[in-house]
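Okay, so chain A shows up in both of these, paired with chain B first and chain C after.
Showing the complex of A and B:
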């Protein structure tokens, strides 16, 4: 059985990518199971999806503990512990990651024993990531080596049928380019084996002890603990205020911000809390004088680093 | 007939469409599912001829479903977890009206704490209300058994509402290959709804919920409902036979997998049972005579089927994806009651609780349960009930508790400081 796990952020199309792969494998005559997994549905929050494919009917269900192929649409997810990108990897596992860092960097950084393939980020504009689902599914289809270009094409046409020809064609171009780009590695993913009753590791079961309610009630005895959750790392786009253009209306951007991440000071000047701004860009759309622009997060961070270096240079 | 990839939610919606449901009352907000969304789309596009009405709660939704069914039309609705519990008062009420309709429940864990994942406590909470319950383990089964549920509900020997249960995420959001049966064949199989004497109409007063005092009439009505529910076993078998003739797929009240010569049998409900099947295959390859029993019907409870199937079996491992606090797994309790006093009953009926709140059950855990149970039988020892939970999980939980503890400590310190500050002032 092939076991594929896809990691991305809400809104990047990983559920669609899993469905494209699922449909393509089904067209190739495989029994298929595909499913997304997420908590409360939030744009930018880590999500994963999975696909199983086998020539036999599939009895296995739920999360994939030992994947044969991991697809990471957004490399900023790797350090997020809750995303569990590396859960259950072994030397037979293939990692496909959308990143500008090369595979040697990733191999060393993660001490990853299996094969690594990177999808070079085509553009610095992270808004382009909306096609990353198609790109990932195209590359993955090639790495699996059991999906033809035709099945991939048909799967994309089926899964995106509601979105119109223009969208389908853009996604097809991206997916097929990624498929062709991976040709040298075609078929590098191998089917994983099932765990056998003759050879398995016993689970480390424990009898739960009784604990008094002061410990065992699901309560957090402090106010506003959500402040400690740095949701700013979910952002792929950053809203940046041009204070030359801001008309100090004092209320529009801060009121529309669904996360209360914009504060207005005594001078009617809005300040964005980048620790918690998730990058939904609602403020960008709402600001009447268009004083807020969206900058790719990666670019914004690079600029910050440069600025910090300049500052250091001045000091020394 | 087309074979295509469908989620459990889509399979349920297709069944309502293929059964030609006339009326669909729905509470459209969380925890509602894509089932209603699909049906609304089809009705909007003119692909389905039905009336979908949104209500302000699941309580009203079930009231509307029962009232509409009492007018003699075919009714379908769907809910999930907290929604089913919110409707609980009306589940009892409409079942008492003996108004038949089909309700899908996508089962998920209940609050508190809040989760969104698969768990059977919601559906098990509804086991005593008078609805029949069918539990599914694949998306195909969701579609087929929803069609069958209409026949079951509307049968003159039953005339009670039926819940078809599918597991959240594991089936509801999971796509797998499903054979979509031919629409005409489905219409033929489900047939015309014979409303018998149910002709609730505007301006033609009839009472659906008479007050009965003194206990005697109440006892009569309640027990008649119980007898009708019990008919569900044989009627399900009739309907399943007819279904097989139409569509070629067969469904048993109690699914038995490799139990003929089994010494150890897993008993489990819902979608996790297919994982148990894989474990049975692997255990058999390793030379252990393992098997699996899965009740499709929880209500009525297939007691006789269990008694028959478990004759000469040494040990049973019941895995409950629910927990009746203060008692344990519900399926374990009910199976033990059904087997009590049977001469050839298993020596051991072990209780495991697992998969609560969507927690996975790994193949290693199935193997370990088989090992633990067969060792206990060999030594002729009892086995204490066990929650499937590992040291690793407990360690992770301790980390979370440590965070909560630090916060508690910080809060405590800041309160102390405020007090001191106040005193100085």
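Showing the complex of A and C:
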């Protein structure tokens, strides 16, 4: 059985990518399961989708714990614990990652034993990022080696039929280009072993006594505990304020930020809370003197690291 | 009510510069509903109990995390106003028994999406208004069942595409006039607001806070996910909703409806429609002149009636 796990952010089309792969595998005569994980699949938040394909009836259910192929649409998810990108990997696992860093870098960074393939990040423009799902599904189809160009094409046409010809064609172009780009690695994913019910190891149960409703009801006794959730990791773009240009109007960015992630300090100066800013860029669009610019998060983090190093250098 | 009681938010600079609602919630980046809620919460304050029907905002409080500083209670989709009745009664009993002081009393706030407000929960809301329940109702109206993937609701506008109205003509029905339905109950207060007009919003919430009885707020909530646009456009689209006349800002009080912001020169409706993917079929592959005209006419008719 092939077990494929897809990771992306809400809005990047990984649910659609899983459907495309599922349909293409079905066209190739496989029994198929494909499902996204239901939860808080908000724009920008880590999302998961799963595809299983087998020539036999599939009796497995639920999330895929040991994948044969992992597809990552957005490399900024790798360090995010909640995204669980590397959960259950072994040396037979193939990792396909959309990243500008090459596979050697990733191999060292992750100490990854299996094969790694990268797709170059095509764009920082969010409107273009819509097609990353199609690109990933095209590349993955080739790595699996059991999906023909024709089945891939038909699957995309079927799954995207509601979106009109123009959108379908762009997706097809991207998917087929990625399919061809991966030719040298065609068929590198191998089928995982069957998991037998008899091999199932039950987790170490912890027996908890039933508590009184008053104790076990999930009451939260502190205010605004949500600040412990670091939604800053959702961000792919970072708003950066140029304080030379900011005219300290005080209320515009701070009021419009849906998350309340911009407060104004005693000097009427807005401060962005990067722990929580999700990168919606409303502040960038609204700031009257255009004092807030949009920087790719990756670049911003790299710059931060450089600056920190420089500082250390000066100190030592 | 004196003018002083409602007169604090006169200028933009009177708006709060630090915020009460906690960060770190699971709403989408650029959520217009969260924008309105955080502006509203700054004014309602922490002495409040939120009663929340199932919807996107259910995910605000996921144990052990909450953005609220007061209590929060989760109810089934149709029953938030009934939940509010229970909470209000409990507070009144505690007050009568002198277990809490008047100072410790709290605002009971219902928070639901439009799926609840315009549809499933309408009967419970009607009952609550009939009983003159002392509560504040905030409906964040993203014009569809957002949490489950933007199926159409009683608030979906004519011709908009949703995941259950995908055809070339979009949604065949018409958006219910919930403002009038609510106002017909003659509650203490009804108002429409939008996060993109924070001063108008602040004045109305401040007024609602100072009143007793049912106080009903509908916040149009641009939704990047359901309406299909880049999250950074949320405020632009909200402002366009007001400037094109799609979302009339108004209030009902003492038996009268007053428009609080009348767009002098209404911008063409098209400006609002064309920046949202859910209306794309009206422009591509070719312009649907007939439908665009119909939609504009409906808006013009509304304002002709208002302006006389």
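By definition in this document, the second predicted complex is superposed on the first by the 216 of 316 C-alpha atoms of A that agree within 3 Å, B and C clash if a C-alpha of one lies under 4 Å from a C-alpha of the other, contacts with A are read in each partner's own complex, and residues count from 1 in each chain.
Heads up, the rule we're going with is that a residue touches a chain if its C-beta (ideal position, glycine included) is under 8 Å from a C-beta of that chain, and two chains touch if they have at least 3 such contacts.
Every value quoted in this text rests on a predicted model; they were computed, and no experiment measured them.
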> Between chain B (first) and chain C (second), which, if any, makes contact with A:205: first, second, both or neither?
Replying inline: first
>> Quick check on the superposed pair: does A:269 touch chain B, chain C, both, or neither? Answer first, second, both or neither.
In response: neither
> So, A:60: does it touch chain B (first), chain C (second), both, or neither?
Replying inline: first
> In the superposed arrangement, does A:259 touch chain B (first), chain C (second), both or neither?
Replying inline: second
>> Output check: A:169 vs chain B and chain C. Expected answer is one of first, second, both, neither. What do you get?
In response: neither
> Counting only touches as set out at the top, which of chain B and chain C does A:227 meet: first, second, both, neither?
Replying inline: second
> Can A:23 be said to touch chain B (first), chain C (second), both, or neither?
Replying inline: first
>> Contacts for A:280 in the overlay, against chain B (first) and chain C (second): which applies, first, second, both or neither?
In response: second
> Do any residues of chain A touch both chain B and chain C, and if so, which are they?
Replying inline: 40, 218, 220, 223, 225
> Along chain C, where are the residues that touch chain A in the complex?
Replying inline: 12-13, 15-32, 34-35, 38-39, 46, 59-70, 166, 195-196, 198, 224-225, 230-236, 284-285
>> For the complex, give me every residue of chain A touching chain B.
In response: 19, 22-23, 26, 31-37, 39-40, 58-63, 65, 194-198, 200-208, 215, 218-223, 225
>> Residue numbers of chain B touching chain A in their complex, please.
In response: 5, 7, 112-113, 116, 169-170, 173-177, 271-272, 274-275, 277-279, 282-283, 285-286, 288, 358, 360, 362-365, 367-368, 370-371, 384, 386-394, 401, 404, 407-408, 410-411
>> With touch defined as at the start, can you tell me which chain A residues reach chain C in the complex?
In response: 10-11, 40, 42-45, 126-127, 162, 164, 166, 218, 220, 223-231, 234-235, 249-252, 254-261, 263-264, 268, 273, 275-276, 278-282, 284-286
